[in-house]
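Presented sequentially are two complexes of chain A, the first with chain B as partner and the second with chain C.
Moving on to the complex of A and B:
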């Protein structure tokens, strides 16, 4: 953390403390307490929405569920505060664990709709299960917080307690995303396909964060139940979710600190505008709009940059396995009635460069997708060494040593080049970047690179995983002659070290001199195979792809 | 000599200023959200009474929007309590009242409300004063009018999923059974539902002879409009939302034929007398028609002014005065039943299908026998 950032945070924290102790009356304490409670729920939401970029519409539901669980354990079972808050935290986590398996598999808007459905079901249960929830009246008479016989009274004691919980929540959130983990999460958010292909276990991260967000939401809800004394279906309503969403966006979705700043602002804003009487909501709305327009990175974006500490380890990339050859046997892949691949078999040995050519739509990228696990074959087997990888997940395949790059570079534009490599494992980033010709740019943002350089970054990132086989999808696209020559030299060197390379490219002047063997696909079938010299003279390859011999 | 005279004059001015210093009565009501229509009526009634009658007692109002969340109400009340008021006009939304009552109890400040939620006067709080008849009064009027005056034997009930709806539905079911006309159909309707035809179709299948409604304003208008447009001409006895001019304005006058509603009062139905004067003044000041919530809260605030005029200064003195005395308001006579229920009368108003101004069809006085 930069010194200026630390100093600013310290000053901000001190100012808040002075205000709470010396200036805020009971009303000021109440508003601060509410802000703290929402900050905790927003810290949870920041994990899922801010970090993972997943629009969960269930955070309000977790908040409300925590409030109901705490209220019921206090009123019906007579438990005291530590147990009520445990129940309030555990129930949403349990629900999140139950729904995570089907829900987390869904993408973007389907995920949002599924979580919205769960939130609506919970709201309906709260309204209609009157014997348990008290129906629309809700539950009331929830006792104040009391720990070991010591009652945390309203006003400053409650405010201090809640903000202590905020500090603990920030620390937990920081632990979940500290260091290299945050880089892996950012890669998962910005380039999910690449993250999977690099061996980042997205499913585990999503599961962990979804449960953590539910825990934070439920914990905040439990505090709310004790602070307000009443729980009604209102705590499960959509406006809670909208409020948490606004807090996360306006505070700054990249940082849990943003969630806290967003909560402080959004809870205090309507109170500051009370004097506008009937127009206070107009003023509130205008202020929100202004924040979104003028602070695109949120309030946290105003703070000096935080740098992710680099790992001290300067580990060289592991040597490639010299015992493992890729063997694709009779694979087929259909998309509806279209056969994208039909009975295709190829192999790539350690130290070998195999070129894969064919016209657009011939199945080259589909074959790379099958090898890297992004698509599952309809039939046939894929082996790497002795391991059967057929139908395995991309993460699992990546961990066996097969890593791919993409036709359109899949990078996390907000990470530096060095951090992009650190995201996949501790390594000597400078050496790897130097190897792909990006040695001087370790501190630049990946998004600032031109497309050709992004492709070289992808190769460096693949090498950082310690891959044995590189499946490169049009790595030379967009490069000039000098860059192509450099890349060709690099690939030759990698092959000489024992890397197996499957190379897809349309640039024949780049591919043919480089490849040991070439496979030509057309309409999903292999129409020709052999050395570059043989393939350019093969009439089937000429008919299917070249049109005329490139020689 | 000059200095002495100046000092005396200054002291007199300061004393006069001190004597004239206004006490602020917080008006904590929902003027945004799904209860904004009713909350605005509540605000207008309170503000009008304090401005008109309370100025002589040094009273003025400060309005705070509570929204519709309990926490919004709690924050508004805590903010208001910082000014150490001797009483507060508080939200008509039951869940907000349930959240505010413990805080008011700790501060010892009485809350004057028009909330209909039964629970708020069942908690044993000495600080709740409800100036709108509760469900135990108005639901009796609604059920009795349907059964005794209209001869209903097979009533159907649509009610809201809110606290207001669930509380009223529970009372209606019990009262109707007691009157020998149990419900043949009942269904809760969410506040967000706009298409009422499915529920009306299900209701029709039960072959009811009257439709009872216990819905908020918007839902009430939607049910009646869609029933009439689909050819369903069942007589309707609705909850108090239907007596509101703002609800009637959402319907054609012809669609209101055969529609009645319970209420505490119906200011626009009175052609002459003090209530008609109130209506004219309200109309002139706010540019809209008053309803029973406005009149009830006007009466509640007027009783607070009466307490002040009788010498009640502190919150405890105001509370004790409100609990012990009766007050002749414009709509009815108010007196606590010992739990804070101040209103015990109800009316049923009916529309003739030609105008949006209903006529009072029946009066039910001292329904709960506690006045």
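Moving on to the complex of A and C:
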């Protein structure tokens, strides 16, 4: 963290403390307490919405569930303070764990809907299961927090207690996202298919963050139940979710401190703008809209830059396995009624460059998708060395040493080139970037590169995983002649080191001199196979690919 | 329960479903145009209802068809609002992840809801009837003119939208932009214009639904969320991005809600609907209709 940023935070924290102790009256303390409670829930929300980029609409539900669980265990079971809050944290985490597996694999629009559906069901239950929840009236008489017989009274003591919890939450959130981990998470958010292809275990990260967000939400809700003494279905309403969303967006998507800033601001604003009465809420919506348009990184984005700590160890990329050859045996893939691939077999040995050609729609990218596990074959097997990869997840395939690049580069535009590589594993980023001709630009943002350079970044990133087989989908597209010649040099050198390379490309003048063997696909079938020389003379390849006129 | 009562319930359900169909159709048009969920669609329905109430004095009781005469006016007004909506919610964010647009629509929904609250108050207001007077009695079944009007207008608007998108040059251009904006731009279609038009159409349809529902179900500033949710569920049932699926899904939801509510309670109907939705997302996220073959590989 830069010194200016730390200094600013220190000053801010001190100012808040001075205000709380010396200037805030009892009402001021109440407002601060509320801000602290929402800050905790927002810190949790940030993990899912900010870090993973998934619009969960269940954070308000987790908050409300936590409040109800704490209230019910206190009132019906006679639990004391730490246990009520533990129950309030545990119930939403349990719910999150139950729904995580079906819900987390949904595409973003269905994830939002599924979490909204669960929130609506919970709200209906709270309103209508009257004998347990007290229905629309809710539950009241929830005791104040007391630790070891010592009651934490309203006012400054409660405010201090809640803000201590905020500090602990910040620390936990920091632990979850610190250092290299945050780079992997950012890659997962910005380029999910690339993350999987690079061996980043997205499912595990999503699961952990979703449960953590539920835990923070429930914990905050439980504190709220004790702080207010009353729990009604309002704690489950959509407004809570929108409030947390606004705090995260206005405060800052990826900075936990932003969530705290957002909470402080949004809880205090209505107090400052009381005179506007009804129109205050209109302004609140407008502020959310303004923030999402004009402050992509929220208020935290206005703070001085934060630097990601770089790993000290400069490990050279691991050497490729020379023993493992890829063999694809008789794979078939149908989409609807259309055969994208029909009984295709192909092999790539270590040190070999195999070119894959064919007209648009002939199944080249589908084959790469099958090899990298993004799609599963309908029939046939895929082996790498002795391992059977058929049906395995992209992450596991990547970890056996097969890494692909994409026709349209899949990068995290907000990471520097160095961080893009670091996200994959500790490695000598500068050396790898120099290899692909990007040595000078380690500190630039990946999003600032032209597309052709993004493709080279993808290759460097693949090498950072220590991949032994590279499946490159049109790596030379958009490159000029000099860049192409450099890329050809690089691929030759990689093959000489023992990398197996499967090269998909349209540019024959690029591919033919490089490839040891060429496979030609047409309409999902292999129509020709052989050395580049044989291929350019093969009438089937010429018909399928070059059209009627030979080269 | 007599068959007569059942027929009445089915008619109610069909009319409700037809109004939902307009909402869902607008919802899916935005999905196809820009790939984003419009969380404000429900508030736009509500806004259409209030727009109808606000301009109703202009028409008065004209010819006993106040609502029907208002319909084109409300749609025109809401279409204009849709143009503004596109420029606030979508265009500034078109280069950002889609979730940013989800959030901007939530924000605009919030503004509309609280604006309506501040201007019209929180109490439900009754909208103008489509057709004044009592309906005909057919075989002991009292056909409410209002419901027939809703059903007829919705059917007309759904078919008109379908014909517009399917058969006219402009409609085809809109679909071309939805499928592949770069290719569309390459053949001389201006994507921004077509996207604006999609938003205008979507919001006009939401406004029409607002007017159609405003008499029987009243208008209140806080209703938006539920309308949006119904459209969202309809599109999920029908298959993401399918116009025909959205209409079918909406009709099914309208019938389902009315039938279940008639035999049990509205609460059970709502809870069951969410339950069915979650089960569908878990087991058949592609929707009820058979999947179409993928054209691009």
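Of note:
Keep this in mind: the second predicted complex is superposed on the first by the 525 of 551 C-alpha atoms of A that agree within 3 Å, B and C clash if a C-alpha of one lies under 4 Å from a C-alpha of the other, contacts with A are read in each partner's own complex, and residues count from 1 in each chain.
The rule is simple: a contact is a pair of C-beta atoms (placed from the backbone, for glycine too) under 8 Å apart; a residue touches a chain by one contact, two chains touch by 3 or more.
Small disclaimer: the values here were computed from a predicted structure and weren't measured.
In the superposition on chain A, A:117 makes contact with chain C only, not with chain B.
After overlaying the two complexes on the shared chain, residue contacts for A:78 are found with neither chain B nor chain C. By the touch criterion defined above, A:149 lies against neither chain B nor chain C after alignment on the C-alpha atoms of chain A. By the document's definition of touching, of the two partners only chain B reaches A:274; chain C does not. Within the superposed three-chain model, A:128 lies in touch with chain B and with chain C [touch as defined at top]. In the superposed pair of complexes, A:284 makes contact with chain C only, with no contact to chain B.
Contact with chain C, but none with chain B, is seen for A:292 once the two complexes are overlaid on the shared chain.
Number of chain A residues touched is higher for C, counting chain B against chain C. Where the contact sets of chain A with chain B and with chain C meet, they give residues 128, 278, 281. Residues 49, 53-55, 102-103, 106-110, 112-114, 116-118, 120-121, 124, 128, 190, 238, 242, 245-246, 249, 278-279, 281-282, 284-286, 288-289, 292-293, 296, 335-338, 340, 361, 363, 365-366 of chain A are the ones touching chain C in the complex. Here chain B touches chain A in the complex through residues 31-32, 63-65, 68-71, 74-75, 78-79, 81-82, 94-95, 98-99, 102, 117, 119, 123, 161-167, 188, 190, going by the rule given at the top.
Those residues of chain C that touch chain A in the shared complex are 31, 37, 88-89, 92-93, 96-100, 102-104, 106-111, 113-115, 117-118, 225, 229, 232-233, 236, 240, 267, 270-271, 274-275, 277-278, 281-282, 285, 291-294, 296-297.
Listed in rising order, the residues of chain A touching chain B in the complex are 25-27, 30-31, 34, 127-128, 130, 135-138, 140-141, 224, 228-230, 232, 234, 239, 271, 274, 277-278, 280-281.
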